[in-house]
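What follows is a set of structures to go through.
The two complexes that follow have chain A in common; it is paired with chain B in the first and with chain C in the second.
Up next is the complex of A and B:
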């Protein structure tokens, strides 16, 4: 049942992604080469990782707008330590920071009952300030070449290792969320927290786990950022939260919770990353990037909503007319029986 | 007699009184740290630094009371600013006509998002997220019509335009403070003293009930977005006049402070409760805090930390009581003998 709900929406997004590639490819054929497609997908890796993380939170019916800042501070911490020659330490501490931020958000939302958008907005402000305290407002540069090379290393010559690992993680998480008992808790909690509570599902625990996973994935995104981008400004990751939420929505994850899958998040992230490159291939200036993203987001979501409303109406009418037909058939019989 | 005291208690114990207390504490502390802070010219003049947040949050309050959220207001501020700049500088239009058109543009932007939110049932967060991308993108596109480089901004506005906003009555009270007070009065009357305001509240409490009462709830919800769009445009015009420059990124950083101000002011993001006075007080609390800290030689980049902490603590105080485990814990202290 759950599978039936989530799959079609992710498929429409996937079809849309393919249409985007074909459409742009018709105008500029060099967009449709395998090399370019892979380049597109590989460049979406940071969005994808963060989107998978935030998908947990959105599916449980909450929201996290501190992921951009979490990514930024993880990148800053990991970046300085890698620069100073302690890459393993840097990665571990960055992950711990992400974990702690997730715990902090989860604690505020579940125990203190702060609405999640407020809690994470506050956390966003605090973390952004912390980045300035930590870096003194300076750029972090001179990341060793070996660390930067990690992002370029290829698997089978087409995928980067980062993207391949992300895809594997996505599949595992998808299986976890659809096939296992604890994995299904996320959707249950997002769909109806009170109902989930009555069924004996640990609502508070599930939400905290979702926030912790979100923080962890944002840190992983931060570590990848260090490797891919190679320098960290104090505003690294600014605006990622909005892009990632938009990616999830494009991929069919409902912000009311309970609907969607990590596959959708991955496809949405690929769409978000492809748009700006597609515009370049179409010959538009990059100024149009935000405009197109905004229009696309609104159109997709409104279209989807209208479609859902009309289909629900259709089902209702069918049921009503079936009742009427049934009533028409049954009344003469009843009359005859009376005779 | 008892009734009177409980009434008085209710009035004193209101959330707004708590905000006033914070405000007094702030003035006291910052006055101690830096006596210059208490000079009327400096203290009153500080409003100029956070006028945009004050105005926008007043109008966004309406949206939050209907149970929605508006994160596009910042983009509308920038769009209006560059729009009037281009109309005046490159189209040679009268500046005041351009300002009027700017207000219309803000109303239109709000109406567009409000229409989708009210009539297609998409979550306000998603639509205004799309709107924030769209309008900031449009702002960049508008700059293409200008002969000036976008990062420089359009300047050289006539003196009487900038002078009115920069001016002070009796050389002490800034005109912006007067504008703010007038806007508080207008929004207060609109929200708390008219049938329209009552309808806005009812739509937030229960949209179905409002619909059954014969209120056109969809139009009411749409109108709140128009109001916030107009408010954002107004803030954009005033900010342009104050800075003397029209730029696309003027309202870029205000989303966090605006939502903070509205929620800190006692408006629930779930809708149905709240008020303009609280919002105005909270906006001033945040503004004074930022201003005071920067006068106390705190780096401006760090200022998000105290604001974030203030937001989380204040909202935690309000919401933690709804958690049965916590309220039980505190009741132990309240009635030690009764237990």
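Up next is the complex of A and C:
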């Protein structure tokens, strides 16, 4: 990670992922089989989808802690309708709910100027409450087998279709964010909002779009959840916000905005899923999972912030020192002579 | 409409602008021809930035007209100014630090990136500028960042470039290459408004010069018609010569006095080789323009910034490089320049603001609130601060009353030396008089005061001795009877040093 400026952070995260596999594989060799590796990647699909969505928001310099709840309510809505025999309707309504939550958050953050952590924390509470009202606190079970089979369907026998489609979407989004005019606005807005405004870039609009995409991807995650997990509890998706924020940060997306890519988010999500499984292979109880995620998140953020503070202070000092006149060369006569 | 308006690239006529009761621009007329470099000079608060913000569409004028190439225009937002061919290169370039140079330049255009890249390369070829397009903006020096800003402006086919103090953070060599760039642009027929604090630059680069003072243009014409002395006169208030200054106090006899503060060859970030002493019962004025390094000197003395070399003594005791807490314990108190940023706790009450510097002495485990009340009342009464009570929210006080509370707080630690950084900025005339009385009162009680101010009249009225800082160095020291508007202004704008070197 020290080579941050020469290598993109996504690359170092990828190396970290490989080292994780090798390290755990040395202790328990069954972790390092192709089958297990694919199982790890395929099991990271929901983290990946939600992380790609939240990446838009983090890259514009904001945060969204309501993604877990958005996933939960989308899963609950989609789940009940699939159970009752209306899968298409269920998917559409779940997506609309995600879109609406994104609009709500985006509106609050940009137009009402509520700090995004507070706005989405509030949204998180509202949505969690609504899940209980909607489900009466009961589990949603009896999802038809055909719907559950979707998550298991394989492409070329290795990737699940879900994961394969997610990777394709990631590549398309990556191209969109790096190659198109509007796609590049996300980084510009996160990097320097005032500068973006002076160049006529719609700062408010870009942020709202980021929140809407984030909500949409969280609800896609919810739909996948119904198929993969097969039952929905009222607390479905709890803790996903920390997992996906950690995934983004591990993948090199800066919490201050303007830095990172969805490729990094995808790699980060794979790391998150692999850590959970690695614990099992190492014989630790999975109870440690959240603690380790939290530690990783803080370590990476502290590391980044120390780097940032030192480089900012260095720049400030350079600028101040540049202002001092060096008496021997600065007289206009000397300048005239140089000419 | 006069012919001049038709011939000019940019003309502004009779521009007025006021913020609440404060009239900042009082009828500005200005013309700029193609290929002309107009140096715009003025002290702090003269209205230069307001005028530029009006040209950029950030502010709207209250009255007056703006013409571009003979056509009247209404610059209601930044994108309209951009499309009219006006581009401002701010003092601190507004780049995207995490993007490459190329991305920074082409951000915000509608054309496709390949065409833009081609145009950019052609433009750089034409001007013979070299900069690595794949470098990240955060790794660029300020000079290179300015170049990127200029490229942004030129890619938009701007005809009028505004450079806001472009040399203020540049090294000597960078200044030379900037001047070469300005010459290139001049030849291309681009009009430039060049804002600066350094009079010597005017004669090196400008074709025309205009001086602003208190919202009016006091002097305007081709640069050949003027000398540096004439420019300095233009910066002075009209009544400077005739005005009777308040009766000056007797000059202090320093022969037997022991200095409270001695600064010896101090270097820090933003200033170097600064030596001076402050004696008890004296006010030492420190003049200079914003960015000269005065605030950095103060924050270094009080231990917030790093000392690079040199020493600071208080009553003979070396306190170089000690922490702020220790420096304060040794008797130095600092009233910062920007009240809102560093001076006040806005949503706390007056009492909490008064005691904040002295919490160590207010009881051990629990606060001694009686002591806080006494302290607050003492300074509120002594300074005639207008408050509804001790519990009034600090943010709801007027600027002058806030400043009185801040000064009271600085005195609560019973300092031997008080550093006041722009003590009356943004304060109305009546409160200003009160603050002056307070400062004089403190001086009479034997406190040593270092007064940093951009307001020359303030330095003249209060100081027993003065010195001026220019580009990080003390370039002149003044005894009581040498302090005049003329001499201070000359030194603050760097003319003195040149004269002495000539």
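The rule is short, and it goes like this: the second predicted complex is superposed on the first by the 288 of 339 C-alpha atoms of A that agree within 3 Å, B and C clash if a C-alpha of one lies under 4 Å from a C-alpha of the other, contacts with A are read in each partner's own complex, and residues count from 1 in each chain.
In this section, a residue touches a chain if its C-beta (ideal position, glycine included) is under 8 Å from a C-beta of that chain, and two chains touch if they have at least 3 such contacts.
All figures in this text were calculated on a predicted structure; none of them were measured in a lab.
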Partner chain(s) touched by A:244 [first = chain B, second = chain C, both, neither]: neither
Partner chain in contact with A:298 - chain B first, chain C second, else both or neither: first
First, second, both or neither for A:253, with chain B first and chain C second: neither
First (chain B), second (chain C), both or neither touched by A:114: first
First, second, both or neither for A:287, with chain B first and chain C second: first
Partner chain in contact with A:200 - chain B first, chain C second, else both or neither: second
First (chain B), second (chain C), both or neither touched by A:316: second
Interface residues of chain A shared between complexes with chain B and chain C: none
Complex contact set, residues of chain A against chain C: 5, 179, 181, 184, 187-188, 191-192, 194-201, 254, 258-259, 311, 315-327, 329-333, 335-336, 338
In the complex, chain B residues that touch chain A: 69, 116, 120-123, 125-127, 129-138, 140-141, 143-144, 256, 259-260, 263, 269-270, 299, 301-305, 307-309, 311-312, 315-316, 319-320, 322-323, 325-326
For the chain C and chain A complex, residues of the former touching the latter: 78-79, 82, 94-99, 103, 107-110, 113, 136, 138-139, 141-142, 152, 168-172, 174, 176, 200, 203-204, 269-272, 291-293, 296, 470-473, 497-498, 501-502
Of all residues in chain A, those that touch chain B in their complex: 63, 108, 111-115, 117-119, 121-126, 128-130, 132-133, 137, 234, 242, 245-246, 249, 255-256, 285, 287-298, 301-302, 305-306, 309
